[in-house]
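In this document, chain identifiers A, B, C and D correspond to the written order of the chains, with residue numbering beginning at 1 in each.
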Amino acid sequence: MMKNLVYFFREALKSMARNHLLSFATISTVAICILILGMAILATLNASHLITRLESDLEIMSYLHKDLSPAQTVKVEQELKAIAGVDSVRFVSRDEALRYLQESYGEDRYDLEKTLGNNPLPDAYEIKAVDPHEVPLIAQQIEQIVGVERVSYGKELVNNLFLATKWVRVLSLIFIVLLSLGAIFLIATTIRLAIFSRRKEVYLMKLIGSTDWFVRWPFFIEGILLGTAGALIAILLLAVGYDTLIGSIQSVPFMPVVSNRTMLLEVYSGLVLIGATLGVLGTYISLNRFLDI
Amino acid sequence: MLVQFYNVSKIYPKGKALDDISLKIDRGEFVFLMGPSGAGKSTIIKMMFREEEPTRGQIFIADRSLVRMKRNDVPKVRRNMGIVFQDFKLLERKTVYENVAFAMEVVGASQRNIKARVPEVLSMVGLRGKDNSFPGELSGGEQQRVGIARALANQPLLLIADEPTGNLDIDNSMEILNLLIDINRKGTTIIMATHDRELVKAAQKRVVLLEKGKVAADYAPGEYVI
Amino acid sequence: MMKNLVYFFREALKSMARNHLLSFATISTVAICILILGMAILATLNASHLITRLESDLEIMSYLHKDLSPAQTVKVEQELKAIAGVDSVRFVSRDEALRYLQESYGEDRYDLEKTLGNNPLPDAYEIKAVDPHEVPLIAQQIEQIVGVERVSYGKELVNNLFLATKWVRVLSLIFIVLLSLGAIFLIATTIRLAIFSRRKEVYLMKLIGSTDWFVRWPFFIEGILLGTAGALIAILLLAVGYDTLIGSIQSVPFMPVVSNRTMLLEVYSGLVLIGATLGVLGTYISLNRFLDI
Amino acid sequence: MLVQFYNVSKIYPKGKALDDISLKIDRGEFVFLMGPSGAGKSTIIKMMFREEEPTRGQIFIADRSLVRMKRNDVPKVRRNMGIVFQDFKLLERKTVYENVAFAMEVVGASQRNIKARVPEVLSMVGLRGKDNSFPGELSGGEQQRVGIARALANQPLLLIADEPTGNLDIDNSMEILNLLIDINRKGTTIIMATHDRELVKAAQKRVVLLEKGKVAADYAPGEYVI
């Protein structure tokens, strides 16, 4: 068996060298398909990262009754923290709120407090949810708390955001799935054409007594090697390109990028695996047609 | 009996190639298949290694039915034969040496045996020095001789040759014939389709004459004249 | 010539029928590549549409001095309108501004005006630019106008937005270009393999006296027909898919979709043209290699 | 002179195939090329229609130099020849009829002429009834005869045949020979490489004998015996 493996390997290498057009076609097809697939996956990962960031910015403002005592205010805070799914609770005093308002009207041109004489705004708690999708549910619970005058989380905005992000997620998933199917098909087609143009060789091998597996092995090894080589080339280009990109993009705010090494490595090695698998699978299926002699 | 055909017919969609052929060939025989172009010689030969299957009838090789044989057992039968194809069927991407070696690798021969045997059969057919040529770099007759060398490589029990001298001059043809007679004397059964009456006359062996898909005559050794 | 054309067409059709594996491989490769390219182009169009919408929402608030007379206010408006690049000017009275503020603090729970006794906010003009990218420039000019106290357009936000949209545009352009190159290469490779497996046919044709063009024509016609067929299949799938999609997505706010018939038609016919062109071009290049005999 | 070779050598990276060959063939001649396998017959023939170019020397066909000829003029030369290839070279995806018709389409023959001529040449070589078969559905000899029919289709001025009877029985071979002699009598120049001494003896034509890439002998008609 070991001896055979060596033999099959030698055959595969020789055949790759002698059929260079076919080898080149297979490698480059795999490389291009994996590259495109990889780019799409990275784009999708980044989009979903961005979406998650947008969603996690969602917060619930719960405005308190004007006449709450400090003790009552603390009690409200405890009750807020007790709600399942609440991530963080931050106290926003009425003074702070006025300062924000002030800022949005331009630093010190209009001194609202001076103009008004007193601050009309209420104290509030700013709440973040562990899962942004639970915001509406949590808001409902907060409304029940005694001492909370009003709850605001931009209901309409949040619903729209969720709808939009759902669509983006579904669409990019569909795109990735279609792209993967396309890539599989394209690679399979190339391998099929490559084997088609060697069908007489297969036919002859069978005629002089080769078993199916004796014919298959060198083709398989060729398939694995070419598929892996193509995928590796793609991954190399992808990694270098993406690294350069996040290098120059990380300075831009608004644009959170996925630069999690472990995750990227998983994506990359997954893609190489796909390349190798498709190389063998495509060969297996295409070859069977010509083995039945 | 090594080869037995019982009432074998082969009908292609475009016409009948063999019509109710019965034929027995014993171990150790040397049989020529003759007959005009299109008589069915190649069809009979292709059936012996199951490139074609009969439309009707039964075929036995070494008492095993080729018709009922399972797909997986076919390679075993083929490996015990040496086959020379009318159209050579060489591997274009392999050198002369590799083409012959491949036939031995198929049957699991060791590299040592291959290294010893391939040059041997190549010089038997007068092709020493062409080891590293590819088939596309050979003359017609040289390609044909590579095909013969490949068939001889495994010292098969049954050698089937379809028009193995069609591209050879008379001297080369005679050498090949003598080679086959020699092998036959050592026990290999030989079935050879040919148009070359000179060879057939020189050999003085059994001749099966086909005509329009039927056995027109079956001459015992020495019986066939012109 | 006409007679020849008929002959070449017949030859092409016969050859497509007899080499069905090759025909199928070419058609499906073209179809998949064009489909993916089309999806990417539509996605990019929609993204850039969304970005344009975001950008066009940008506005400049110019707050007026508190003690401006109505005549002076009108004069400011005229000066604003005179600035090159200004699209629209809208007056936002201090009452209106207060109402907005009020709303953001929740309907009528806190009656700001009643609480405060008087309205501390200034009158303002809301200005939109024809080209959102000129907002900073226009804001500078507005600052010079007598009677304008202060100009605000969220400088940082706008800069970030522009940076972000620039990146999205550049990246999607790069993606489309890479994808197009990939598609061209994949289609060319498939055609090349298909012709490779027919090289002996070409060789023989030349040996018995065919001119290069006599060999080429049927292959070309085949290339056009297969390329166009593949592209048409892709376009059909794309159009149906996209129509279904915008049908179900149009209800979602936040998600402006491109549904401009003329533009879509242009994209579609451009893609079919690409398919046909690649069919011929790929054939031309691949064939030349085998014609030199 | 129709064909002129002046000091032609052909050297492949793997060895010398032709060594300083000079040869003249006049219009209307019938010349056999003979010689053992690998002597260089096919190489000479391939040079006549410029499948191969000489390493050294000059070749003229109808007084035009094949060596200096521009790429675009090569098809014109080929179209005035009929060529029978040693390995047939049939279009596998075309039927017998279409294979022969194709050679006529190449020279721009009208469909009417094609419809009349193709059945004619097919019956000349004894292949009526096989019109719609594909080459893969024919016997070796039948394929070879399709190749001959194709070469005859355009009634060429020069017919070059490389081993056209290697897969044919003696009756079919003789018929083909008679066909060629007949055509030759009507003015076509014929150059035929063959191993078949019976045919050569029967024809009584000029014989050029090659050996190891050199002209070993050049027998005028009637001079060649065995």
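As a convention for this text, contacts are C-beta pairs under 8 Å (C-beta built on N, C-alpha and C of every residue); 3 or more make two chains touch, one makes a residue touch a chain.
Every value quoted in this text rests on a predicted model; they were computed, and no experiment measured them.
J.: Hey, what chains does chain B share as contacts with chain D?
T.: Neighbours common to chain B and chain D are absent.
J.: Tell me, please, which chain's centre (mean of its C-alpha atoms) is farthest from the centre of chain A?
T.: Max centre-to-centre separation from chain A belongs to D.
J.: How many angstrom between the C-alpha centroids of chain C and chain A?
T.: 23
J.: Quick check: how many Å separate the C-alpha centres of chain A and chain D?
T.: Centres of chain A and chain D (C-alpha means) sit 67 Å apart.
J.: Round to the nearest whole Å and give the separation of the Cα centres of chain A and chain B.
T.: 62
J.: So how do the chains connect up here, line, ring, star, complete, or something else (other)?
T.: Topology of touching chains reads as a ring, each chain with two neighbours.
J.: So which chains actually touch one another? I want all the pairs, not just one.
T.: Touch list across chains, by label: A-B, A-C, B-D, C-D.
J.: What residues of chain A sit close enough to touch chain C in their complex?
T.: Spelled out, the residues of chain A in touch with chain C are 21-22, 25, 28-29, 32-33, 35-36, 39, 43, 63, 101, 105-106, 109-110, 112, 115-117, 120-122, 149-150, 152, 160-161, 163-164, 167, 171, 175, 178-179, 182, 185-186, 189-190, 192-194, 196-197, 245, 249, 252-255.
J.: Touching residues of chain D toward chain C in the complex: what are they?
T.: It comes out as residues 49, 51, 71-72, 75-76, 78-79, 81, 83, 85, 89-93, 102-103, 105-107, 150.
J.: Taking the touch rule as given, give the residues of chain C at its contact with chain D in the complex, in rising order.
T.: It comes out as residues 7, 15, 18-19, 200-201, 204-211, 214, 292-293.
J.: For the complex, which residues does chain B have touching chain D?
T.: Residues of chain B touching chain D: 12, 14, 34-38, 41-42, 86-87, 132-133, 137, 139-142, 144-145, 162-163, 166-173, 195, 197.
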